[in-house]
Every structure is written in C-alpha cells, then in structure tokens.
Amino acid sequence: MIIVLKENPEQQQLKNLEEWLKGMNIEIHPTEGIHSTILGLVGDTTRVDIDLIQALDIVESVKRIQEPYKSVNRKFHPLDTVITVENTSIGGDIFAKIAGPCSVESEEQIIAIAEEVKAAGATILRGGAFKPRTSPYAFQGMGGEGIDLLLKAKKATGLPIVTEVMDLSQLDLFADVDVIQVGARNMQNFQLLKELGKSDKPILLKRGLSATISELLMSAEYIMAGGNEKVILCERGIRTFETATRNTLDISAIPVLKELSHLPVVIDPSHSAGIARFVPTLTMAAVAAGADGIMIEVHNDPSKALCDGPQSIKPDAFKTISENIDTLRATIKELK
Amino acid sequence: MIIVLKENPEQQQLKNLEEWLKGMNIEIHPTEGIHSTILGLVGDTTRVDIDLIQALDIVESVKRIQEPYKSVNRKFHPLDTVITVENTSIGGDIFAKIAGPCSVESEEQIIAIAEEVKAAGATILRGGAFKPRTSPYAFQGMGGEGIDLLLKAKKATGLPIVTEVMDLSQLDLFADVDVIQVGARNMQNFQLLKELGKSDKPILLKRGLSATISELLMSAEYIMAGGNEKVILCERGIRTFETATRNTLDISAIPVLKELSHLPVVIDPSHSAGIARFVPTLTMAAVAAGADGIMIEVHNDPSKALCDGPQSIKPDAFKTISENIDTLRATIKELK
Amino acid sequence: MIIVLKENPEQQQLKNLEEWLKGMNIEIHPTEGIHSTILGLVGDTTRVDIDLIQALDIVESVKRIQEPYKSVNRKFHPLDTVITVENTSIGGDIFAKIAGPCSVESEEQIIAIAEEVKAAGATILRGGAFKPRTSPYAFQGMGGEGIDLLLKAKKATGLPIVTEVMDLSQLDLFADVDVIQVGARNMQNFQLLKELGKSDKPILLKRGLSATISELLMSAEYIMAGGNEKVILCERGIRTFETATRNTLDISAIPVLKELSHLPVVIDPSHSAGIARFVPTLTMAAVAAGADGIMIEVHNDPSKALCDGPQSIKPDAFKTISENIDTLRATIKELK
Amino acid sequence: MIIVLKENPEQQQLKNLEEWLKGMNIEIHPTEGIHSTILGLVGDTTRVDIDLIQALDIVESVKRIQEPYKSVNRKFHPLDTVITVENTSIGGDIFAKIAGPCSVESEEQIIAIAEEVKAAGATILRGGAFKPRTSPYAFQGMGGEGIDLLLKAKKATGLPIVTEVMDLSQLDLFADVDVIQVGARNMQNFQLLKELGKSDKPILLKRGLSATISELLMSAEYIMAGGNEKVILCERGIRTFETATRNTLDISAIPVLKELSHLPVVIDPSHSAGIARFVPTLTMAAVAAGADGIMIEVHNDPSKALCDGPQSIKPDAFKTISENIDTLRATIKELK
C-alpha cells in the first residue's frame, strides 16, 4: 500500500498517522517523489482502512499494491536508484562496464587483464575467487587468495571490484570488496540474502536459471527488507529448450524490470549466449534496450582460461565493444 | 557437402564432375561466391569420395556439411540473400518496416491504417485475412474478402502486402499477395511448406512457439528444396516459463541465424512481448542486434481491435518507432 | 454456461426456454446426466440473465462456465465418453492397446507386425503412411499406398486402423481408415480441425510439443464444435529443457484432463521418452495414473526401421507389456 | 574409468596397480560386484594407459566412463544402494513412505500428525523447521524450536525424522536429525553440499526446479566426493510452460535415474502438482514407475496450514494412499 501525501503535510497529523500505522506493526518507507512524499507501507496492510486514510487532510491518495514486492517496487520509489561504487556508479548517467576474467588465476593474469580493461573503458573489475562449478572435480577458484589478488589489481588500476560470494561463511573475506555478487544458483539462497540485507555494500543479484521476473524481484526484496537498498539486478539468460546458445538472453527483462522496479538493471551477455563471438551483438541489443550496464568476461588468453574460455573475449575485442557502447548510447539518448 | 571450385574452371572437367554427381542422384546448387564458385551438393553424399574430388584440378576444396540443412546454409551461399518485393526489398540495405493491423476488419479500417503507416515509413503492409484463433468461437478473419481489401489498400498506397495463409486449400486466393506468411503454428505444416516451395512468391516463415533454430532452418529448407529460394525468417518470441510477457523474444536468434544462414531475419516484437508499450524498446534491440526488418501490429483504435488489441500500437507511435529505426541504423553502420 | 434441469421438466416451459435461447443465437447441447438433464450452452452467454433462468420452475441450477471450452468440458457432459471403433472401443472398460510400426514400409512388414501385435493383445493397429519429417530429405512415407497396405493388414487380422493425416488435401484417402490421427505438429492446424469436425470418424488428437492442457482442449473443441464428438486426447511428452529423454512425459496430464474433460485420454510412451527400453516403465505409470489406453511403436526389426527405430520395441516386448497392462489394470480396479 | 578385476586377483599385482594409480593422484573406489570386484577410478584418468592396464593378468576389462559423475554412477557400483534410517530403510525392499506437514507449527500439531501418519503406515516423518519462502514477509518456519518439536514427535512415535537445512550455519542444530534434506533451491549450493559430504547422515537431495538429470547427479557427486555415500535422489516436478499444475512431474526421471545411478529415487507428488487431489494418482504412477519411496505433505487441517495448504492431504487420505501403495507394489513385483 502506498500513501501519497500532499505537499507540505501538517506535521502533527503526519506524526499521528505514522504512530497509528506503527501500532499495527506496519513499517513505513518514505520516499521523496518528484513533487510529493510517498509513504510505502510494508506489513499486513489488509486491516488498514483505505477510506479512513484517504479522508485525512494530509493525504493526496492511497493505493493498495498488488505486487508482493514493496521496497523494490517503483510505486514505492518512482525515481531510478543510482548506486555509487567508489568513483563510479551503476544506474545513473554512467553506463556500467564491468569486465574481467571468469576466474582469478594468478597475480600476473589479473593485473594484466585489469590494466587492459581499464584502458579500454571498464568502470568496474570482475573476477571469480569462489567459483560455482557443476562438477566437484573442476577448479573451484583461488578462494580468499583470489580476493587478495583482486584487491591488488584494484590498487594498481583504481578499478573497484565485484566478485561472487557463495556462502555466508565466506562473508568475512569480502570486507574490502566493493560490490558483492550473488550467483544465479544462489538467487534463492534466502539465508545468504537475509545476511546481505544487513550489509551496506552494493549487491549484484543475478537472475536464476529459471527464475521468473517476479522471483528475481522477491529475492531483491529479501535484501532490501534487511535494510540494504543497494541492489543491482542482472539478467544473464534463462534456461529454455533452445540449445544453439547456452542460455536464452531475455532481452524483454530490461524494459519489464525497469517498469516494475527502480533498481538498476545490467546484462551479462557472456553467460547468456555462452559464445564469445555473439557477445558484441548481444551487448549492443542490451544497450539499445535500455540496460544500465553490462558485465563481460574478458581473458587475455581464452584458450587457456581455467573456466568458461569459450565465452570469454580478448581485451582488444572488449575495447571495440566499449567504444561502440559509447557511440550507441549517444544515439539512444537522441531517440524520441 | 560443398565443393569450392578454383577460378575459371576448365569446362570439360566441370561437366564431367557434374554428370558424375548427377549419376549418383545428387543435386547441384551452384552459387557465385565472392571470388569463386561454390557447388552445394544436396542428396546422399555419404558415398562421395572426398579425396577423389579434392584431387581434381578444378577443385579448390571440398568439405562435408554437418548441418542437415543445405540450401539455407550460409556455407552453400555465403552472400546475404536479398529478396525483392515490388519496389522494396528485405535483406539488403533497405530495412523492412512491415506494419498493419492484426486483422483486416473493414475497407475503411485497412485503408486508413495503410495510409498512416505508409506516411510513417512502412515498406510493406500486413493484415490478417485468415486468423489462427485458439478458440473456435473467436473471430476467424474475413477470409478472401479480407485479401481483396488488402489489395485495395495496396492500390491506394502502393504498399506491397503480406498476409498469412492457413491451409493449402486457400492458396488460390493468394495469387496477388506479394509475400505469403506461414504462421508460427504452421511452421511444421510440411504439406503447406512443400506446396509453397513450388511457388515463386517470397515466404515469411514464422518460428514456431517452441521450435529450435535448427527446426526453423529445416522448415525453410523444405521450402527451398521445392525450388523457392525466397524465404524470410521471422523470430516472434518463444514459449518459456516466464509469464511477464506473452512470449520470450529470443534476441540471440538474430546473430545465430545470420551466422548459420544467408536468409534475411525479421523480428515481430508485437507477438513477442504481447504488450504494446514494450514494442518500441524491443524494436530498438532488434535493430541493434542486426535484424533485417521488423513486423509490427498497428491499429488506429486498439481498444476496439477484433484481435490482439493489447499488443497493437497506434499509428503515431509507429511513426516515432520508424524515425528512431532510421536514426539507430545510421549509428549501427558506424560501429566498429 | 450450463443449466441443470429438474427431473421430468414440464415440456412447454422447456420448449419456451429453448426457443428463447436459440433466439439469442445460442446453441443448446443437451446431455443426459446421471439424475438429470444438463443443457450446455454454447455461444455468447454474457447477455443471458442467470437470475431469470434460475427462477424457472424447470431449472435446478445455472452456472457460468469459466473455461473457454464447452463441448469438451466435463461440466457439459459429466459421464466419460466411450468411443466405439469397430468391435473395440476407447474410453470405457476396454483398455485401448494401439500398436504398430512408426511407418508402413511394405506389405510384408505391416502384415507381419499386425499379426504379431494382434496375437499380443493389441486392439487397434497404428502405422504411418504420411510421415511428418523435420527434414525434407527424410523418408516421407508411402502415402496412399501405405493406407492400402494398412487396410490389407486390417483385412488379414481384423484390427481396426489408425493413421495420421497431414493435410486436408489427403482426406479423401482416409475414407476407410477407422481412426484419423492429428499429429502433434498439426494440433493447431485449425483448418484441418474444422474439416475433421465435419467427419464422423473418431479423431486421435495429439498434444502439441509445447501446447498447454488448455490449448489441447481448445483444439478438441474445434473438432467438437464442427459436430464430431468422437475425440481422443493423446499425451506424447512435452518439450522442456531436459535432454535425457526426447520429450518429457507429462503424467499429470492424465488426471488433469480426466477432471476437466469427458474425453478419453491415451498416452504415447514411445515418442515421450524416445528410448525403447523406457517404454515398459512409462506404460505402467500411465496405466497406474488412469489412462484409457496407450499407443506404442512396435517393429519386428527396429535397427532397420525407416524412422524412429531407437524408440520402437519388438513384438515380444510388446506382448510382455500387454500382459502386464492386464495384470496392473486388475489391481488398479481394486484400489480404494 | 572402471577396472573390472578377475575373480581372486593375485594380491601383489593388485597392490602394485593400486600404488601406481595413487601415484598419479587417482582415487580408487572399490565395489564388490555380483561376480567380481570393480575399481572405480576418480581423478584425471586421461593419462592412464588403458592398454597397459588391460594387459595385466588380474584385469578382466577396462572402460572409460563418459559421464562426469563417478561415485553416483551405476557403472562404479552396480548394485542398488540401500540406506538405513533407524529401523527402516530407503532403497531396498521397504518402500519409503515419508509423510508430514509442510511446516512444524506447534507441538500439538506435529505430534497429532505424526501419530496419524505412523498409524497409516508412514516409515519416516517429515516437517519443515526452516522454510524457504519466496517472500521475506512469509512465515519462515520455527527454526531450531521446530527441530526440537520434531524430535519430540520422534520420541512419541518412533518415526525417524527428515527436515530441510537451508544454510551451513544451521547444521549444528541438525545433530539429532535422521535424514537431512537439501531443498530444490539449494541443489547447487555447492558449499552446503561439500559440507554435507563430510557428514555421515543420509541426505535427501531434491532436484532443482530446472535442473537436468545430469546436474542432479553431479550435485549428488559433490556429496559423495566428500565421503558421504548416503544420498537419496528426489524428483519433485520441474518447471515448464504448463500452468495447470504447479510443476510438471518428470516421471521418466525414475527409470532414467535408476539406470544411470545406484542411488535410491523418491518422488514428491505434493510439490509436483501442487494440488492435493492429484497426489493419490501421481503416487500410484510413481510406484508403478519403480520409485523407491514417496514424500507427501499431510496436514490435519490443510485450510489452516501456514504454508502449502492447497497441496496437503488429510491423514485419512494418506491412509488410503498407504494401503494402495502396498496393494500396487505387490502387483508390480509380479509383473514380467
């Protein structure tokens, strides 16, 4: 339920209303809208008498929200959310270009790639320290050591870092990580989401392989309900019957999510198609569809990558994509 | 199997080769490549001795084609296919803008919409005369009369027309239709495809709701195998678990199809999302991803449309899309 | 909408009611229920005043039917439909055992297989004359000659025959076929369904690869709306992301369909899994789940079959399945 | 790779072989087959010279295993695995009947239901203490207190208990739980699987909403690779386009899994269809298809259940199902 207040609401009335709601165990999430204040109510609002509230002088309008998600709902928070990450951001005017290898393999590798993607226009460095592998016999990642190397790369280049956490028990190691990633297979790891809700770090939440848009938003709601409002939604392809690509990039997710929610939306074209040579095309489609950023796997020697080599592109290819993104974005802004 | 001939092959040798192949019941599809001639072989090539052919003076190289589709295969025909439709085309420099109502409802309606979309930049007019309806109690279309009205609209505006045929038995009525559409539910109506293979009209082949890329190409192969090379592939969204949109637009289908086949690829953003307000965004994504054209449902009064009202856009919205397509295409050409 | 009449309704009142409804262009489908008569109304019933009808002496109750399908709806026709096929039936006490090769290959082959499956307990012989092949280069079936051979096999064994029609234009050849099959890829070939609605032959309607239960029922509705009430529904596996089997047998379709509709439901375990060695297990599951019959591909030499060899079982394996079906059915009847 | 040894292998040769393999960092998993010993090799076997091993006197045959899963592979362990749980078992002659409420709500509720399902033939009691809820605002379960109540119910009835763990951090609370369940959404929570691999408790592993059979087996492999061989696989319906049921029960998973793996397979018909009245039918299908057990949600007052009421059945309905299972199983054993 949202209550839209008139401009300059009489303070005592407002205070009374807030106390009455809190007495019914309802949380109030106020947002400054463009012209007025919106009170987003979270809790059991079924017993709240709409007519009673509508009758108050300070109230412009009241509306029940059908969707099960509240905090992530654009009706609660009409303006786009912009998330600051060190000296860059995700969700505002700056298009987020997140790039780096699938996994951190060595100091030399990660620093080399970091420098190349930095030079090519990346705004954030990605790299896997803890890798979710379908097989227990596959390379599981360098773990804590991988995070240290990412921090070295950050020091060397100034790029903030994003990396995936696979379990609550690892969270201590993420103290200096700038953005924490929740992988597709952990999108409904509710315990992890609740814990990340207590953090104040930005969370990059990947859509599950077969998660509906609604489920993705509810997982974001878990994090926001814990108090952490810095959630970035990431579409990375969904599982379908088609086998020509590894997953099927759901390009409609961009306009659908941006209509339903105020959170920024980034696309991962690397995991979507799973094929390096399609990454440029899918990136252009994502930009044209209104994405706030992309996350691309870049490796200086894909054939020797310890994971996901076939979908990784080389630094010079990334440079081309980066320049094309800028060109395309300039045009997108000109469109009617 | 494809045989690449050297430049200026000695004619007698070439004749001998062709006769030998025909003697084994193998059809030869010659294509002028950029620098050389390619002979595409269709038939049981398992008994053809590759080494024997490779040894011929006139032969540059021989290669077995893994894919079950031959004629549609880009390996058979490296250059993009451009299909002429009256004074416009699909697949070349001209971006095909196919627009019109879901179904033809009256002379006034179709002529009004035709004039508006023409003014807005449409290159081809669409309109349903025979409608595939899930329910036998729903409006089934005006039938032959609908085609007559489309022809009147063509006369009034100069726009060539595309409309769907639902059954072989209706084909006689399509004598003056410029492009014949095969609907998603008919993509594997093999009898219909075989018959259309005997026609020399361009065929707009829609991907089935759950057809794989491979199955779409094999259906195109049915038509080409019959002798009709003018096939346009159309991605219109596939069926998945997601319910936020009517179907899931498979944007990757564009680069995948254009890599595997020489046939033009158009996108139908109206049926994909099934929601009018997402049509502009999906159209931009399609253009950015390299589509050769789009097909959009336009109605001057969507709330009164006899079918698919919720996904139809108004003529002025189509005009905006049309202008944006031109702006975007100019930029896409500039990309590296 | 359905109207349940009280026992022994006063005739003049009933006549008035029927004329009033017909005057509104509504068709009446009467069914003798167990204790009373049910009038199923088909047409635009939105303007029918429920209270007015409820007030009539002869009326027990009135109810709007939410589902878009009427004739196939069990609410219209509470008792199970039993379809007679020569000296056997589908849908009643006799469990339909439909068996035969994927395609008719020769007189010797079809007669040999017919005799073997007959001896093993088959009630109906299947065999493809017109084959839907994904590739235009694959064996397309013997066509009309194949139907002649099936009729010879019928003459030799007494087994009625079921075979697939692929297009309206072939219907003349099916004059002596006992049951006409509509393939999965033709489930929404609406022209074909309308035409079959004019026939009085039983129609075996296969569920489309990605058709919902609702769409399957609407396709059956097309046939029934044309006047042909002899429709058998066939679940043959749906398309999903799983590749361990060719399709995924939707076993829940049996209880769901039997709850929603009065039409008989048979299962095709051969196309479902696509793997011969799983056919026995899936058949047992289908029997236990309440299916009215099964359709199994049987070939005396699967390795040489011209199509679908890997999913065909041998006659002796079919004999075992047939006996097991009888044993299992006896037990299913004993269950509480 | 598996090595099949001849009967009574010469001990010194065997010792030499084992040391040589260990020297290459390959783990040996020996299994007593019906007539011979099988050595299952886990590790990088690409450098192992098959011919060298085949030449040894003690070796009957050597074969590379294509599948990425080894320990779960039936080729490694040809006999069915039977897992003891207190005084009952899963996987052998005893058909596992796991029943209980979706969530533990109170001492009175869980004890009442436990007594009723015990009397009806249940072999194991289920009940959720930690609930995975899509919404952060929904009832999350009683937590540790819920486990205590389950233990009270165990004390009162003698039924062993199975309950879901949602995160590593909760494991301490599960010290007295008999079987630990990994929920569908945690099937690829690799950290959790690794940790459970160190436990010696039986693990009930639920198939993910869109997990392939292969991925399910690899998750089981994670647990077995950690040293815990007591894994029970559970099919609970997969996500598809069909909405008539909550999920689509993949009945083929039973024969496919039992062919690929030696681990027991149970079915959850409650979550599959999501509709209480279909639970009996799906249970019968599962029994007929060869499942080793079923897990059913039972509540004495479904309309008041705190979660999943619509799919819960009442105790007397469970009693009927239990009796029918026994009747059906007796028949299944008689089948040829």
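Every chain is named by a letter (A, B, C and D) in the order it is written, and numbering of its residues begins at 1.
Here is the rule we use: a contact is a pair of C-beta atoms (placed from the backbone, for glycine too) under 8 Å apart; a residue touches a chain by one contact, two chains touch by 3 or more.
From a predicted model like this one, the values you see are computed outputs, not experimental measurements.
A.B. asks: Counting C-beta pairs in contact, which comes out ahead: C-D or A-C?
C.D. replies: Counting C-beta pairs in contact for A-C and C-D gives the edge to C-D.
A.B. asks: Relative to chain B, which chain has the most distant C-alpha mean position?
C.D. replies: Relative to chain B, the chain with the farthest C-alpha centre is D.
A.B. asks: Please compute the C-alpha centroid of chain C, do the same for chain D, then give the distance between them in whole Å.
C.D. replies: Computed from C-alpha means, the inter-chain centre distance equals 37 Å.
A.B. asks: Just curious, how far off is chain C from chain A if you go by their C-alpha centres, in Å?
C.D. replies: Taking the mean C-alpha position of each chain, the two centres sit 49 Å apart.
A.B. asks: Going by the touch rule set out above, which residues of chain B reach two or more other chains?
C.D. replies: 210, 239-241, 243
A.B. asks: If you look only at chain B, which of its residues touch chain A in the complex?
C.D. replies: That would be residues 210, 212-214, 238, 240-245, 248-252, 254-256, 259, 272-273, 277-278, 281-282, 284-290, 320, 323-324, 327-328, 330-332, 334-336 of chain B.
A.B. asks: In the complex, go through chain B and note every residue touching chain C.
C.D. replies: 42-43, 68-69, 132-137, 166-170, 185-186, 188-194, 209-210, 215, 218, 221-222, 225-226, 239
A.B. asks: Please name which positions on chain B make contact with chain D in the complex.
C.D. replies: 210, 239-241, 243
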